[in-house]
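Structure record follows, encoded as structure tokens.
Letters A, B, C and D name the chains as they come in the text, with residue numbers starting at 1 for each one.
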Amino acid sequence: MSPHYVLNIRCGDAVGIVAAVASALASSEAFITESSHFGDEGTGLFFMRTVFRATGTRFATLDDFRLAMAPVAQRFDMQLQLFDATQRMKVMLAVSKHGHCLNHLLHRWHSGELPVDMVGVVSNHAELRRLVDWYGLPFHHLPLQDDKAAQEAQLLERFAASGAELLVLARYMQVLSDDLCQRLEGRCINIHHSFLPSFKGARPYHQAHARGVKVVGATAHYVTADLDEGPIIEQDTVRVDHTLDAEAFVRLGKDVENVVLARAVHWHAEHRVLLNGRRTVVFRHGA
Amino acid sequence: MSPHYVLNIRCGDAVGIVAAVASALASSEAFITESSHFGDEGTGLFFMRTVFRATGTRFATLDDFRLAMAPVAQRFDMQLQLFDATQRMKVMLAVSKHGHCLNHLLHRWHSGELPVDMVGVVSNHAELRRLVDWYGLPFHHLPLQDDKAAQEAQLLERFAASGAELLVLARYMQVLSDDLCQRLEGRCINIHHSFLPSFKGARPYHQAHARGVKVVGATAHYVTADLDEGPIIEQDTVRVDHTLDAEAFVRLGKDVENVVLARAVHWHAEHRVLLNGRRTVVFRHGA
Amino acid sequence: MSPHYVLNIRCGDAVGIVAAVASALASSEAFITESSHFGDEGTGLFFMRTVFRATGTRFATLDDFRLAMAPVAQRFDMQLQLFDATQRMKVMLAVSKHGHCLNHLLHRWHSGELPVDMVGVVSNHAELRRLVDWYGLPFHHLPLQDDKAAQEAQLLERFAASGAELLVLARYMQVLSDDLCQRLEGRCINIHHSFLPSFKGARPYHQAHARGVKVVGATAHYVTADLDEGPIIEQDTVRVDHTLDAEAFVRLGKDVENVVLARAVHWHAEHRVLLNGRRTVVFRHGA
Amino acid sequence: MSPHYVLNIRCGDAVGIVAAVASALASSEAFITESSHFGDEGTGLFFMRTVFRATGTRFATLDDFRLAMAPVAQRFDMQLQLFDATQRMKVMLAVSKHGHCLNHLLHRWHSGELPVDMVGVVSNHAELRRLVDWYGLPFHHLPLQDDKAAQEAQLLERFAASGAELLVLARYMQVLSDDLCQRLEGRCINIHHSFLPSFKGARPYHQAHARGVKVVGATAHYVTADLDEGPIIEQDTVRVDHTLDAEAFVRLGKDVENVVLARAVHWHAEHRVLLNGRRTVVFRHGA
């Protein structure tokens, strides 16, 4: 793949931002292949994501473009991030005993549809080791005993050692400590098996069944210290009816969890998700 | 239409209920055109709805069939309801200023697709009178002044005088008193403009926008004294994204409110909704 | 509303288009509030829609901005359209006997949610006159007798006389002649009551029922001489099952027709739909 | 699991069928746990599916119940099938190179959510052998060379030898001969990667992209000699837009294929699907 870059910008909205950015890129002989922006009238913030190809010789590396964009960034007081789109994001998964999200993400990755580099799986249980082995990935068994802090320290160590840039809680049934949440801020995605903010906490499908809802859902969100309150990346729902017990809700919900989590990881890995306070701007690609 | 009846049953589950009911109907020369039942393993309750046509001469009226079913009802200690399906349910609507649900329900009724008899509209405002006039229905303007109890008494009086069997709160933006809720128990359906239990109370779309959800919804439920906690009849959802402000959530949500409320009214009017504690059994017809 | 403009562009893709457009707008003191673009790698075409506000004094009118954009348009050999976003598009509706789409569109317009100016309704039948009267719109009854060409001539005359810019076939059950299709090219939207390309032609719900499908849908598309083959603007679907006969398909489908057609008209009226051969680029807002 | 049976019935509709069936079951001390029936007014046919538990001693085996039902079956000229619900259906999968449906079905089966016994996988390619090996299932590599008839004979031989009762074409990219279709009538389910009847035949996502649709879908159907024309069991759809090329349609469609095929296999395995000419009656459980 020829050099491809993703440029993400956040700043206060103003006249001329798009022009300034696009001009700087044009001057750098960059060919824009995709670009989206959004001005939030409520907060006055401006968000932009641009994918471009280097077509010239003077501007070719990340550093070249960083230099080229510096005056624009300064002029508009931008938070600016530049990524090499040919470098796949390194992702570590965390699981417990439910294997459906793990299986879905690994299959998607293995078949080339999820554009990430999987670098390993951590688990507080051993049940899913064989599946991970099949994919040739390291499986880090970190059982939870008395000392949760020690276990989390190990988790963080494996994360760092693997070079991972994103931790995906693919039905990891442990609440992370506030400290770990803060260390992984914006780099940790969880799938919650309900349509948040309905049914936070434990056993959401059972809560949903007791309430008699007619639709259940799943929510992928960034993890924050405030349980199940982090910025939402993606949600989806599926119909249920009175003939289904809570276990059937669980079974039906798994398909939604799979799809919602895979989308969230996909979009995060392509730098399509920008934080807007406790909300997200998602420059989606496709449904 | 030839005589058609709906028989609804609720009782403890046991061997032989379906056989006993079906045999009693067959002995009465009834031709079953639709039948559904459901045994809730969690509560041990059994629910059944049967639509049948009288084909004989000895059994023709509601009373004939009531007599025919009496031994079965007694044997299984059933709560049994029998309705004449050729009698459309009489429905009164309550609205405030938002006319979309009113417009949708009246059009559906007028075009023969919603099998009810509309008997009037009550409102605490006057804005929607002209629309109601067009449909040739009585419009009862019951403004809310100091004395809410008096206004509710008037509402109840109009309801009773009209012969209405169901009150539909089609975006009626007043909380009913506990007393009124109890008097209308099981006979009053509300549309809440969120996916309950998320975002109870006022301005749910604005709450949803502030939380940054990616899907919004609507919920039709029986009204109880416990605000927005009544048994849910129907729910549905629609995707939203970061480009939409709360007003756009409102606009998009209206289509979902229309469809969800019309379904709930339709199913209730055909006696398809049975209460199962704080949940409902809905013997749906179609999507 | 302060001056707002929509700029739509179509041209061959190349380096620097976005920069050139954005720079020309910035030089004209335009504040971009929304912008989307898309490069079709398959056809090599580039599409862009930009909404901007005039903030200066030198550039304020459509002509000012046309002049400002002229060099850019010439440089990239653009098809460029500029619209005054404060001018609502004038829309004429055509109906036969089914009133659901008419009722939905008129209610949406009347409640301020569909940003168009309705200028009248034509019909080959008289049944829907009373509804149109209520909204205070002209109703043109153009019955179809022997001479279809004459009837179409009348229709076109009313369309022209009203100043309408868009004709919406809101369940108008007549096939337009090739000649009329060509005259209204890109200015006539039809709702077909199936999920195209399935079930073209007459009685699509009955075709769908006979085939035993489990989902039915509706399609809004630009009308072309090739029946039901015009560029698709929007589609959506709803589940059906074996308990539903063809008439029930019809009833369920109406909700989908309403929503799909209203979206298509909304997006067209905001200049969000650009033709890409026999396909469309739709820069959607919401849902 | 205590003895559980499924009784499926098809016959001409008449008074007293439900009563006769339910009475015969009650006399046999059967406890009905689930029952659905449907009278098709269009064809005059009656369909019924009943799940029951043996609670007595005199009636315990399949043969006991067959004898008990014989008089009823004769009286109403029924096609009657009786299944032991504790015996999982034996299923063979057929695949080519796309592994997503295979992976989804095997994971569902392995985690106990798909109530079948997988007995093996046949493929005209070798690529997916390793995945099948992991699940400990026989992998039959039956490459297609000159003699298609010989290959099909081998396929049929493996099918018979394994005791399989259902062949699932989980993206098996070969058209079966008319002869094989007939031999497997009602016992072979295919997933077609479009919303039938749109886009039959090869490369449906590419056809859909060329037509510019806004929704794509998948269809699970029984295989018949008439290509892509067999009775439809299940369908579902997903939105697409202009930013997606045909390859992206393929990627998005896979999730729909997975879910649609798994549902169809699940329902068939629980004897929930009855043929009604070229249509199906599906007594669904859950969404």
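Definition applied: a contact is a pair of C-beta atoms (placed from the backbone, for glycine too) under 8 Å apart; a residue touches a chain by one contact, two chains touch by 3 or more.
Just so it is clear, the structure is predicted and the values come from calculations on it, not from any experiment.
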| item | value |
| --- | --- |
| Same vs different contact residues, subunit A with subunit D, by half of numbers used | same |
| Chain whose mean Cα position lies farthest from subunit C | D |
| Chain pair showing more contacts of the two, C-D and A-C | C-D |
| Subunit A and subunit C: spacing of chain centres that average the CA atoms, whole Å | 36 |
| Whole-Å separation of chain centres (CA-atom averages), subunit C against subunit D | 41 |
| Shared interface positions of subunit A, touching two or more other chains | 241, 243 |
| Complex contacts: residues of subunit A adjacent to subunit C | 15-16, 18-23, 25-27, 29-37, 39, 55 |
| Subunit D-touching residues of subunit A, taken from the complex the two chains share | 99-100, 103, 107, 111, 113, 130, 134, 238-241, 243-244, 248, 251-252, 254-255, 258-259, 285-287 |
| Touch list for subunit C against partner subunit D, complex | 38, 40-42, 195-199, 211-215, 217, 231-237, 241-243, 245, 276, 278-282, 284 |
